[in-house]
Amino acid sequence: MIDSSSIKQLAGHPFDRRDFLKVLGWSGAAVALSGCGNTSIENGKETVVSYVEAADYVIPGVAVYYNSTCAQCDAGCNINGRVREGRVLKLEGNAASAINRGKMCGLGQAGVQHHYNPDRVREPLLRKGDKGETISWDKAYALIAEKLNGVSGEQVAFLSGAVSGHLKVLLGNYLESLGSKNLYVYEAVAPAVQRAANKKAYGTEMPRFNINKAKVVLSFGADFLGSWVSPVHFSQQYAQFRKGVDGQRGVLVQVESKMTLTGANADRWLVVRPGTEGILALGIINALGASGVTLSGDVAAAVQGYDKARVSNDTGVSVEHLDKLVALLKERTPSLVLAGSAAEGYAHGSQNAAAINLLNQVLGNVGKTIEASASVPFPQMIPAKGNTAALKTLNDDLAAGKYKVLFTYATNPVFTAPGSMKFKANLAKAGFKVAFAHYLDETALEADLVLPLDSALEDWGTQVPEYMAEGAQINIQQPLMEKLHANTQGMGDILLTLVKQREADKYKDFADYYGYLRGSLLTIKGALGSGGTDDDTFWDETLTSGIIKLAGSAEQLSGNASAAGLQLPAAAAADAQYSFHLIPSVTAYLRDGRHTNQPWLQESPDPLTTIVWDSWVEIHPKKAAELGIVEGDVLEVSSRTGSIRAQAYLFPGIHPDAISIPLGRGHEALGRYAKGYGVNPFQILDAVFDQETGELALHETRVKISKVGQRIIVVKDEGAAGGKPEQRRIALSKSTDQVKLSEEV
Amino acid sequence: MSKRHLLAMFSSFDEAELVVQELRNTSIKGFDVNDDLVVKSPIEHPEVEEFLGEKPVYVQWFTLFGALMGGLLGFFLISGAQANFFEQLKGGKPIVPFPPNFVLTYEMFILGGVYISVLGFLICAGLPAKRSPLYSSSVSEDKIAILVKSEAGATSTLRAIFTKHQALEIQEEAGK
Amino acid sequence: MSVSNLLENWSQFRHFHPVDDKPHDPYKWAMSIDIDACSGCNACSVACYAENNIPVVGKERFQHGQQMHWMRIERYWPDHDFDFPEQGAEFLPMMCQQCEAAPCETVCPVGATNHTADGLNSQIYNRCIGSRYCSANCPFKVRYFNWYDYPTDETVWPAEMNRQLNPDVSVRGKGVMEKCTFCVQRLRAAEVTAKGEGRIVREGEVQTACQQACPTSAISFGNLVDPESRVHKQWQAQQVEMNVDEQEKDKEPGGSHLRGYRILEELRPYPSVMYLERVRESAI
Amino acid sequence: MHRFLRLSFMLMGLLVASGSYAADTQKPTLTTEDDLGPQVTQPIEFPHYRHAGLKNPDDPTNSDPSKGGMEIDCQYCHTYARRSAVAGIPPLQKCIGCHQNIESVRNKPRIVELFKYWDAKKAIPWKKVHDLPDFVRFNHERHIKRFVEQQNRPTQEACGYCHGDVKSMTVARRSKSLAMGWCASCHEKNHPVTAEGGTPIGNQAYWYKFQKPVVASSDGVVKAQGPNDCWHCHK
Amino acid sequence: MKDIREDIAWAKINRDVLVSLENPRKLYWVIVFGALSLFSVGLGCEIYQYQVGMGVANLNNPNVWGLYIATFIFWIGMSHSGTLLSAILHLMHADWRKPIYRFAEAMTTFSLMTAGLFVMVHIGRLWQFYYALPYPNDRGTWPNFQSPLLWDAMAIFTYLSSSVLFLYVGMIPDLAICRDNLHKGWRKKLYTLLALGWEGTDRQWRNFRVTYLTIACFLIPLAVSVHSIVASDFAMSQQPGWHVTSFPPYFVAGALYSGCAAIITLFIILRYVFRFEDYMTKSILKKTVRLTFAIAMVWTYLNAVEFAAVWYGHDMDAKAVLIQKATGPFAPFWWGMVFCGSVVPLMLAFKRFQTNIPVLFAVSLLLNLGMWLERWMIVAPTFSHGYYPWVWDNDQWPSLIQWGMVMGSFGWFTLLFMVFCKVFPSVSMYEVKEMVYHRSLHLKKNETAGQGAH
């Protein structure tokens, strides 16, 4: 019963995946507090479970740690799973990882609750009217083959979430074998606009941001501590940044309309009128130019007219703050300017991002705090990055009745598509819908055939993170325990079976996905820098470390963003009927809502409001007072698309012209911990798209609010008194001129 | 020598007092005022004690003893337990802290005192007792009774005295 | 013989702790939390749920204030009037402070919570009868009571979910008090291993679950009496003493430039957790 | 009068006796006597006496293996005990490892049964003999370390403290009470607290048994009593 | 007005009181049935809570005690007046106590028994209750003697057993009367057994007098210690609003106060139900009422002193709790307490109300309500507004389970009391006789003196 991280036994042992993954007498942890010192055998637990054969390192009562990869989001953190008696107990960070360095966010740790979730699909289900009928895998595969029979490649589509590594390769191969090019990679809250803007500004979609090297970070709504790109990695950088270079503590300035977790940690949180981030960026450039920073001709031309008075007027940021900010940026270099989803969620989002990236250029940060990321030398394995433009295309095609067979995997568009798209109705027009699913989520419920997937903790895989922290790496995902349910299959195995249906000969050497993975990696062993080692050793080492670090070359970074074509609209005029901007907030743990059924996440208070298990409408206290709204008043929030109801929470960190509702809740399916909790703001999003990239403009929806007349208790951790420290010495604060950080340990 | 009991009932303490005085003044063979006479009354009446003469009461000694032992037992039980309990350090206080132990010792002091006093009462008052051979329920109502024990020969003398003082009723133990 | 024991060792029994006591040796577990580094992300709290078999109580019970998070992240707004929180929020991770002179310990009627030799405030579930006096007397309100029988509650640990339970930690039934233990199961394992090897636990050898998860490494944990440990160095550098109710540095006129402080230390519970004040840039 | 005095003396005696009893018996005395648990029927009746029992004393060469035991060390099969807090049960592999080479007993019914499990690759559903409540955590490793590795006691003696004289049993049976007082009675004894004993030096002796001064015995070994901290066993 | 008429024949006293033991009136059964129903409700609530967990009481993590502990203090407080009337007035030879002290003592005993129930129902693991008892066991464990809860347990145990003994010892002569006068089956046996063969001999009376006096002497400090120990549960803790030096006397005063109010209530009920008008005279009622008034003023003073001290002091946290009490969510109850506890008793100062039975009945109920509120206001606000601001004002309205058990406790108390009244004489016969006897002697003396003066 005794073990701990201190006696970690990183499994450096050959993987004979039979006996030791077996669940061994897990009764040890059950109900503890029966009577007094009763030492008779507990009823129902009379048997000791033993192994038939056991590897020498498998010792009952001592945990074994296996390295794998977190699949809860796309950041690709390397995890270290604690396994006891064949059960995975806890996910910890892999200290050797450049991405998370042994750290884990709550979302990642909740991976075990995804794995053990009672609401997972356990059998292949075939639609029979309104109900699902259990069928065997053989029948399911036969059915797919039957449905694909005589269907041309154009009539087949595959809708997937972000996917990388060998799974992506296999998926591509399968579609190729079908003759289809219709792979739609959809992620509801991906930084797609930013990728395009980065590509334009730096020549790469995802450069490396060195927060730790910056003295000032100016973030336009990039919630890098919460949900943006690779939060655990950025959190570590942030910690270093706070300690500072040479004891000079880094300064974080966050510009946004609704406070994010990052905003809550900022030295200065500047609230701006929604959508005017680009204007502010240009205003700063203009002011920098005025204070002596050399601006190139086109830049100077582009920022002309963005004088302080106008910018202050448009954005709502006071001139005094603007001056201080400019002085700070000028004085402390290098700095780093980040454009986050809040800046990009508008019809002119690309323009905002371009303006912000231009600021980096002007400040000379490119190459210092923005560096080229290492590239993976296997282009077929680099991630297929999700975006929302894909969904729009798919939706249009579906509406046109183009597809006879549609596969969905790792995405839940029925839940996350904006209400204005009427995706659910369009989906019904597809002929035969196959969903590869962990849960019966809203999309799986619409499918004709639901195929249950292994969880990430019982499946094989490789993953290439989109954001490379240091050098390039390929992450290994391996089973931490035996399958929980006999009738689930790994996505890789399913794709392999499917592709074998089409091209049996080509894949006959691979008995299963594990074989495929091992074979494929062994063939590129040389390219992975292990040419000399023999196959078994290479394989053992790979599985032991869980990470393949690649020598990979760095991409080229172009440092010549141009201001050409930069055309920012004037600050949006007030809409008389729909007077509020709706900011659908992406929270660190619930994101687009696919993990809402994990109770740890539901009960983990939202950091800023401390609300749990429910949705809420954030509104500024002054505005609320104006409208006679108090906490707990149920508000009807209506957009042109639809309306939802949720209770008000008075939140000072929001622009008075905006309200905010968190995404991720409001499921009608998914499972017992998700269904019926909160509301889904995706439902009321208007179909407004970014003019350049075609991405959904998440922040562009305008709403009006009205009181329903009902008042309920907001379920939150903060006391009714509102968490005011009341002059007690509880949470103390000092300013930088009062401390000597360099003297600290 | 056989002793016989005689019970006489009177309506007031005054009568009873006169009887006792007379009995004390008369010397009767086989009857001793101090040993063989019992006065029963429905209420606690201090005068009874006066005219019967001072008799010692030992209950207080029980009380003293009980209280002291209770206190001592309390203190040592508690301190001993604190000194031997597996896990003792609590709240930065000493293992054997005085204030709580005083409180508990005090309670045990009282507990011992009360318990042993009641015990002493039972012992001193001879309770529980069998009922004496002659008893009238009117004693529990409103009558004063004088129970005497004497040799058979003396009964008539006693009876005469009782009658003289207007005894309401005289019972005599049936002869054997 | 207890009476002879009592008399022979009288002076031992009359020791006040930690004032005139012998120091903890070889272990005194302590923590320091840099709330300037803390981003309020809740990873520690989830790690605590995972490590310590904490029940998820559900919406309705949470609404009734019956949540069980041993580690909670408190969010305070700065103490002055403002339209917008321009300096952000203040996040404070709060869990059992493992006080050296814990107010909860003296009041437990059955002695289910005591001070251990390695400086922890122990909570023995199987001894607890649930009088909740400890919680009543806790200034930090970090003790959590099992209002319901969570182990048998299907909504809390349904059939498969209970396989995640950590066998090193008891699963608490209804009617007992629980709280942060500094991951005592890990500490004890490390202590036992070290003992077998004839040494003391080395710095970094053992981590609490929250410390391990914390993405910004805001939490340091270790052996306060080990001069090699980071916690020891931090406490020393911040001039925070264990057994005082007001730090010398705080008596300086104009305050100190050191950030270390302990919450409610004026009540003299002598907490084992030192916090480092949040810092905000003065230039902007 | 004398009656009362006599009674008082009796009462006083009674109180003193009960008081001193109450004050002096908080700590259980060391109990080693047996407290037999229920007879457990195992799927295969494992003969501990044959494996661990003493060799035939009349025949030191032990030429006749059908007599007496084989004096196999407990740890030969129960290998987990020295490496883990829980002792576990040896894997079936362990049994087979030897028995596939012992042809002489290959056809004995129990061995036939054993091989049936092996051929089916099924674990033998052994029944628990010793079980502690879930809130009690006993560390086998620590005890083996102390007694067998550091103090060089015979394994059977060390295991026998809690498991009884297993070598004389067929199927093991719980023979000690394993209740808390029973455990504590052993920990009441003085243990050496020196570095050689594997225990770090420090004030631990003081903390271990708060009220007892450290006993320096004649051989100079500093001793104190076992951990008196609930959190060692209950967590 | 006389405390009692001198001309009541001793035999009539016996008759009157004994009649109350038999042939209950219909009203009696109605009350018993009502009490039983209330008690069943409480019992049902407890069974449900035991099965499901303490959460059904709607307690939460800062607010861990709720009404249970508040009502516990209320009942403990209620018990004190029995001792006051019985022991203190006995020592002071105030013989007007004699007709009413018996039921007051019974009240003491039963309210202690009721209070004990609350300690039980509030325990999270009732089935492990014995862990709190000091008994030698093989595990070598002991309860924590430093805990005020343990002092409480010890004090209550001492108080309860001593009160029962005091009640019983004082009742022995009356039990003998019952034995002699009642001739029906179980009663006869019970009284014979309990009377211990009492015959009223001089030896018995002599020892009886000393013993009774001794126990009375012990009971007074005991009663004070019990309630100050209950106060220690709070005052010994560190919490703002509880850590108050004046708590022990304040609690004792509150206890006497609520007890006196309860005595007035029961006095009126008994007087009416059992037709004890001859014994429970208005004169005695008036004395009781005046006593109550005096104590009410003491309580008011101590209350004011407590608030003043907090207000005047520099303890901001305690001050915050006080402000919270007066203005926060508890304000209606707090002001209700002030009204019922300090304003209503002012009525008792008026002579015409001192014997007005309907008014007194209503007032006594209000006083009791006020005192119950007082206990709640001691317990709850500190939980909801303690040292730590994060959990502030997370107040929990007690669930029906809690209220059910509070109601149940009144049922339980009434039930015990009603049974007592039918089984044991609720007026001390022998002492009323003494009272009548002494009065008549006194009268005679006065007469002779008067004649002499002529």
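Each chain gets a letter, A, B, C, D and E, in the order it is written, and its residues are counted from 1.
The definition used in the following text is that contacts are C-beta pairs under 8 Å (C-beta built on N, C-alpha and C of every residue); 3 or more make two chains touch, one makes a residue touch a chain.
Since we're looking at a predicted model, the values are computed, not measured.
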| item | value |
| --- | --- |
| Path length in steps (a step moves to a chain that is touched) from chain A to chain B | 2 |
| For chain D, the least number of touch steps when starting out from chain A | 1 |
| Central chain of the complex, centres being mean CA coordinates | C |
| Pair of chains with maximal C-beta contact number | A-C |
| Chain at maximum distance from chain B, centres defined as averaged CA atoms | A |
| Distance between the centres, which are taken as Cα means, of chain E and chain D, whole angstrom | 56 |
| Separation of chain A from chain C, taking each centre as the mean of its C-alpha atoms, in whole Å | 32 |
| Separation of mean Cα positions, chain E and chain A [Å, integer] | 65 |
| Chain C and chain E: spacing of chain centres that average the CA atoms, whole Å | 43 |
| Chain E residues counted as touching two or more neighbouring chains | 125, 128, 138-142, 144, 146-148, 150, 387-388, 390-391, 394 |
| Set of chain A residues in contact with two or more other chains | 1-3, 28-33, 37, 61, 718, 723-728, 730 |
| Residue list for chain B, restricted to those that touch at least two other chains | 76-77, 79-91, 93, 95, 124 |
| Residue ranges of chain A in contact with chain E within the complex | 33, 36-37, 718-721, 723-728, 730 |
| Chain E residues touching chain C - in the complex, by the definition given at the top | 52-55, 58-65, 122-126, 128-129, 131-132, 141-144, 146-150, 153, 233, 236-239, 383, 386-388, 390-391, 394, 396 |
| Of all residues in chain D, those that touch chain A in their complex | 37-38, 80, 83-93, 117-118, 121-128, 130-137, 139, 141, 174, 177-181 |
| Residue ranges of chain E in contact with chain A within the complex | 125, 128, 138-139, 316, 320, 387-395 |
| Of all residues in chain D, those that touch chain C in their complex | 20, 23-24, 26, 133-137, 139, 141-142, 145, 195-196, 198-204, 206-208, 210-213, 227, 229-232, 234-235 |
